Amino acid sequence: MSYARPMLDTYPRALDVSADLLAGAIDAMTDCAQACIADTDADLGEPNVTEMVRCIRLCLDCADVCTATAGVTSRPAGYDANVTGPLLEACVAICKSCGDECERHARMHEHCRVCAEACRRCEQACRELLAETQ
Amino acid sequence: MSYARPMLDTYPRALDVSADLLAGAIDAMTDCAQACIADTDADLGEPNVTEMVRCIRLCLDCADVCTATAGVTSRPAGYDANVTGPLLEACVAICKSCGDECERHARMHEHCRVCAEACRRCEQACRELLAETQ
Amino acid sequence: MSYARPMLDTYPRALDVSADLLAGAIDAMTDCAQACIADTDADLGEPNVTEMVRCIRLCLDCADVCTATAGVTSRPAGYDANVTGPLLEACVAICKSCGDECERHARMHEHCRVCAEACRRCEQACRELLAETQ
Amino acid sequence: MSYARPMLDTYPRALDVSADLLAGAIDAMTDCAQACIADTDADLGEPNVTEMVRCIRLCLDCADVCTATAGVTSRPAGYDANVTGPLLEACVAICKSCGDECERHARMHEHCRVCAEACRRCEQACRELLAETQ
């Protein structure tokens, strides 16, 4: 079970953004990072690994950006739109690219279908958080 | 929602360990890492921050170790007991120390009670995974 | 010794950007991430920790963003301005804020003076990389 | 330039270990993590990517373990042999495996030769730090 929401509910000061929205985005980012890490390994185990190279590279970038964005947004006290804004934009962009590429392989590889879903959900959650915090 | 279990269910080869156990441990680690990151920020917002220094330090170590262990165990193909074994041991040790320290502050700070729970669950999940994979 | 430059010099395809500039930026990011992690711990050891809270928070964000940006730029093949652009912008912004805050404490705490230098160098390197890659 | 040594030289309390040894190990870990991240991307760009799968997987694990170990050892105040000991053991084990595998490809791929050197240096530095801190 995720502790993002209970941690926000017990946070020692008021939040600038709804706890529902923020906890949902943090969960979507950590879930997407894990899915991308796992999908990289699954892709590497496929017989057509040569065709999966672009998917692997996007998953690696996506995991890194989601992990950093989850870290920064999990520390709401120091919120700064000049940092969080472009970071969420980068997260939206890589989740979009990675989700598109995973979807291309979804029919052949079930794990790419699952990862595409994780990327779509994260892209959407980051867009919503970005809209509310700008 | 976590994708750890669906990613393992669609993994292109057989696993050496039960998917239930492995997915549970991966989730416990990513959840604990996020809780520790959030608890660090919450601790820094408390009036008695001076007394929270040890808690903050343990949370930072715990987040780093949980993140790395979640990464390595999310790539099951290259499983190597010489690496995963001590890594899980380090994860058990830091989750135990961090959980103990968070519990000391649980009555005063609700966020530390939540974080202690995340650490306890992760410690237990890592012990079980360690027992089955050695 | 850093391997960023030798890794780029042996990279199996042409780079879109000068190896000097890219290797310099990667080094500046990994060095800044480490300095910020170390400065967090040093700040926590100071008697006036209450006054160091903002510095600690900025260092934590700076370390996360620098680590992710170093990861993405260390994989030059999949370079995408839509991702790298905002990521570098976020890195410039947090290095600026973190460097400013560290500098405020530089006279009292030598470790903050060192960390401020790491942040300034990284901010500058990211600005130059951003200018050449947009 | 690395700030590991200047950060230790300005650390607000005495260290349990020589600053030379600790700073050298921290540098070796952050350098190895970066080399492994870059080598993953270089391997993915090789025509014989199918033969590089094991190398890529080891580099990914090595980067994660080195990053976590560098983080924990960069915060020397909370040093705990029960955590740092197994963490350094895991780091030695993955650097050994990753260095061996990179060396197998060193004649064909210059980037693997560079990465093998980074792994060897990190393995050695972690062994020395482990010996002095147990």
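For reference, chains read A, B, C and D in written order, and residue numbers begin at 1 within each chain.
Please note the rule applied: a residue touches a chain if its C-beta (ideal position, glycine included) is under 8 Å from a C-beta of that chain, and two chains touch if they have at least 3 such contacts.
Keep in mind it's a predicted model, so treat the numbers as computed, not measured.
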- Message: Using the contact definition given at the top, which chains are in touch with both chain A and chain C?
- Response: B, D
- Give the pair among A-B, B-D or B-C whose set of contact pairs overlaps with that of A-C by over half, matching residues by number. B-D
- Query: Taking each chain's centre as the mean of its CA atoms, how far is chain C from chain D in angstrom?
  - Reply: 19
- Message: Suppose each chain is reduced to the average of its Cα coordinates; what separation in Å results between chain A and chain D?
- Response: 27
- Interface hub residues of chain A, defined as touching at least two other chains: 40-41, 44-45, 57, 60, 67, 71, 75, 77-78
- Of all residues in chain D, those that touch chain A in their complex: 40-41, 44-45, 49-50, 53, 56-57, 60
- Residue numbers on chain C that touch chain A, as the complex places them: 54, 57-58, 60-61, 64-65, 67-68, 71-72, 75, 77-78, 80, 82-87, 89-90, 93-94, 97
- Residues of chain C that touch chain D when the two form their complex: 1-4, 6-8, 10-13, 26-27, 30-35, 37-42, 44-46, 67, 70-71, 74-78, 109-111, 113-115, 117-118
